[in-house]
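In order of appearance the chains are A, B and C, and numbering begins at 1 in each one.
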Amino acid sequence: MTAPSESRTGGSSPQDSTEGRVYDVGGADWDDVVAAAQSPDFQSSDERMVVNMGPQHPSTHGVLRLILTLDGETVTELRPVIGYLHTGIEKNMEFRTWTQGVTFCTRADYLAPLFNEAAYCLAVEKLLGVEAEIPERATVLRVLLMELNRIGSHLTAVGTFGLEIGATTVFIYGMREREKTLDLLELITGLRMNNAYIRPGGVSQDLPAGAIERLREYVRIMPGLLGEIRALFDAAPVFLARTKNVAYLDVTGCMALGVTGPILRAAGLPWDLRKSQPYCGYETYEFDVPTRTTCDAYGRYIVRMDEMEQSLRIIAQCVDRLSGVPIGSQPVMIEDKKIGWPAKLALGPDGLGNSPDHIAHIMSQSMEALIHHFKLVTEGFRVPAGQSYVGVESPRGELGCHAVSDGGTRPYRVHLRDPSFTNLQSVSVMAEGGLVADVIVAVASIDPVLGGVDR
Amino acid sequence: MGIEDKLPSGVLLTTVEQLVGYARKSSVWPATFGLACCAIELMSTGGPRHDLARFGMERASNTPRQADLMIVAGRVSQKMAPVLRQIYDQMSEPKWVISMGVCASSGGMFNNYAIVQGVDHIVPVDIYLPGCPPRPEMLLDAIVKLHDRIQNMKLGVDREREVTELEEARLRRLPLEPSLAQPERAGIGTRTDLPYPAQQDLLQPEGVHEAGWPR
Amino acid sequence: MAEVTSQGGENDQQNGATDPAAIAGRERLAEQVQRTGMFGAGDTGDTSGYGGLKVRRAPLLASPRPYGSYFDELADSLESAMNAAGTSYDAAIPLVVVSNGELTLYVRREHLLSVASQLRDHPDLSFEMCLGVSGVHYPDDAGAELHAVYHLLSITHNRRVRVEVTAPDADPHVPSLVDIYPTNDWHERETWDFFGLIFDGHPALTRIEMPDDWRGHPQRKDYPLGGIPVEYRGATIPPPDERRSYE
């Protein structure tokens, strides 16, 4: 800092001492201190701090480690370190049959387990060549559950978004709504999370009795509950101040970094795989693709809220399609007995789900059924050699499954192209140059799920 | 631990133990080590339907230095293990660990190179909670059982005696011998008509009687 | 796996065969089936006899033209773009496979950068988005053990294509696509971490999922799954990769 000859009372010219730069403030010279701090030679390297956030940290979406190089409050460099949740899911799947692989891949992105399953099963079915033989009801059930999962995942995203920036009420609201969604998932699939429900060939079982009424009730009450969250947050001044123009990433950046999902749609590009490359019959449903052009964290939040409303529309259409026929009258698993998973869980007399009808069938009625059951459970079905890639639109972006088969009963290689893994690369681009508090907002607006990032 | 060393054994100590235990169990601050899917169920347990605030535990201590309970929720990878130990070491006594979910308890379905096969390889665990992921009600049950343990933890001379007894019992134990659990306390395993030994309460490594690890 | 067969042409005329299928069939018959550890296998107690049978994998056949769907247009555009840029399409892309409704271009690694930049920049192709690298390890595929699979997405034309590059274990180098598709930064790090495939030109090729001082590349086929025996009271179950296999 130059200008030693200016005479001021108190003298605030900083001294470079052994401890670093020392400022003597004597009152009435605060402007000089501020000017000194803003001058270019304040940007010297000994003012930089390297701060480590995580991997265990309440403000990150899981075990993410962020190494920030701070210049005062400004982030000059942000390096994310991942791998703290690496589970070896992909390698584990190489040692299990194709059906058992579902239980593994479902735990990758654990907030949207049905999407992992759907991507994997669609890839397997593509390799098998049986895409046209999946029953219609199974496809509708897949869509229904995926959209329910999307709502649950977005509620968690919005809830933890609020929690991380200090608005705990939104977290409670989000969890409350999510419990209703999980109730439905539990009713239909048997589990709240990590439900191994979508299997190669169809889904594991049909809707239980009373599910249609519960779904209708859900579709009826959810818009009001989502409206509560919106009323709280959409125009809240503190929320707007924290998220508007924060974590900016435009379409060019998204393209270069391979970012898909709400981030891309908040940047203005209406790219949704459900519309452009439909799977599971999505082209027959009516829904919109919400888009914003603000490219910031606020836009992503609004896109997620809008997507939840669109998901409710799709769920209503699914319920209409499912309610036309009595439960159990249509198959939900592929007819080909060499592929379709045989057993249907039912409540037996001892209170355990042992599907007594199926056991009676294979033990006393049909030898072929017994053989199929035996071969499927021990060996699994064989998938022709080749490779396939299927992308689905998960709540975070394009979730792809690259499946390679060598003709055997086990996957040769399954790679899950997880959207969080790719989207998390962009956090550096979003947060560098901003303030520390904006790093939290940036990470929360990407909504990464570290299980998918690390697999 | 100053006051505990100065206490004599006897009736007075028992009363103090109960009082201290009550105070400790009512004010547990979890240092939530939410890692994977179980962390989401942990968050749901803090949500409005299953409410952790009923125990006063909704205030999760973000710094381990002020935390009492570490709930290891999720799979612990090899990369995360040293971090886990570091957080555990930063916690001050008395501290307890619940390993939530099968991945934390035993490695779960991931028996491979990347996952530590049970967090008890790294930190001593008080309550093992199976499930993939365990429902919030299961977590609440585990917490209630932990509160029982905390309530009945002994202090001072009694604790040293208890720890010595526990260690000797464990050293003497044969693999298939039923444990020293008190079946009536656990509530199950009281049937005598079964051909196999009485089942222990799966959520606790030993019966409620033995509290904690020798330290 | 048999060597990649070239698309028709000169060699076949010399051998007297006319189509790639016949060549492939001949090669397949010439391959030995490896039978190891059959009846009387000592360790797993599997007496079915099938425990050690190694099944031959079918060789990769080039798909003949027309490919169908938009693939022909894509291949033609790529060919003209590359020829205009001075690289020979046939030299760079020895094999094109169409299966399961997907187009796979096998690209020689020395031409990967030029092919990728054409795919991204040429207006008829414009594959703006790369969806990452997926590594696959084929230990039986001598000379081309490590495959790097890139999936590209064109938002403009709503198309997908797969680009596959091979590298031998002895020389596991592939040029890095980070300059063309920056999204491959972490994906290439992950592929290096799991397969040992070195991407030349990557700014910081370090471990990303495994701890920094980990040895070995876990998702290779010669790396064990690494599980431990599961202990029960009075019994153990071996880890998943050592259990009896019913393949």
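Heads up, the rule we're going with is that a residue touches a chain if its C-beta (ideal position, glycine included) is under 8 Å from a C-beta of that chain, and two chains touch if they have at least 3 such contacts.
None of the values given here were measured: they were computed from a predicted structure.
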item	value
Winner on C-beta contact pairs when A-C is weighed against B-C	A-C
Most remote chain, CA-based centroid, reference being subunit B	C
Distance from subunit B to subunit A - Cα centre to Cα centre, in angstrom	31
Centroid spacing, where centroids are CA-atom means, of subunit A and subunit C in whole angstrom	28
Subunit B-subunit C separation of Cα centroids, rounded to whole Å	47
Sequence positions of subunit A contacting 2 or more other chains	83, 86, 88, 91-92, 454
Subunit B, residues touching no fewer than two other chains	79, 112-114
Sites on subunit C at which at least two other chains make contact	209-211, 218, 225-226, 240
In the complex with subunit C, residue positions of subunit A that touch it	82-83, 86, 88, 90-92, 95-96, 126-127, 129, 255-260, 269, 271, 276-277, 378-379, 385-389, 391, 398, 400, 402, 404, 406-410, 412-413, 415, 417, 421-422, 424-425, 454-455
In the complex with subunit B, residue positions of subunit A that touch it	55-58, 62-63, 83-89, 91-92, 103-104, 107, 110-111, 156, 160, 171-172, 175-176, 178-179, 182, 192-194, 450-451, 454
Subunit B residues touching subunit C - in the complex, by the definition given at the top	78-79, 106-107, 111-114, 117, 175-176
Subunit B contact footprint on subunit C (complex, rising order)	209-211, 214, 218, 223-228, 230, 233-234, 239-240
Subunit A-facing residues of subunit B, complex	32-37, 39-41, 43-44, 46-49, 60, 62, 74-75, 77, 79-80, 83, 87, 109-110, 112-115, 132-133, 135
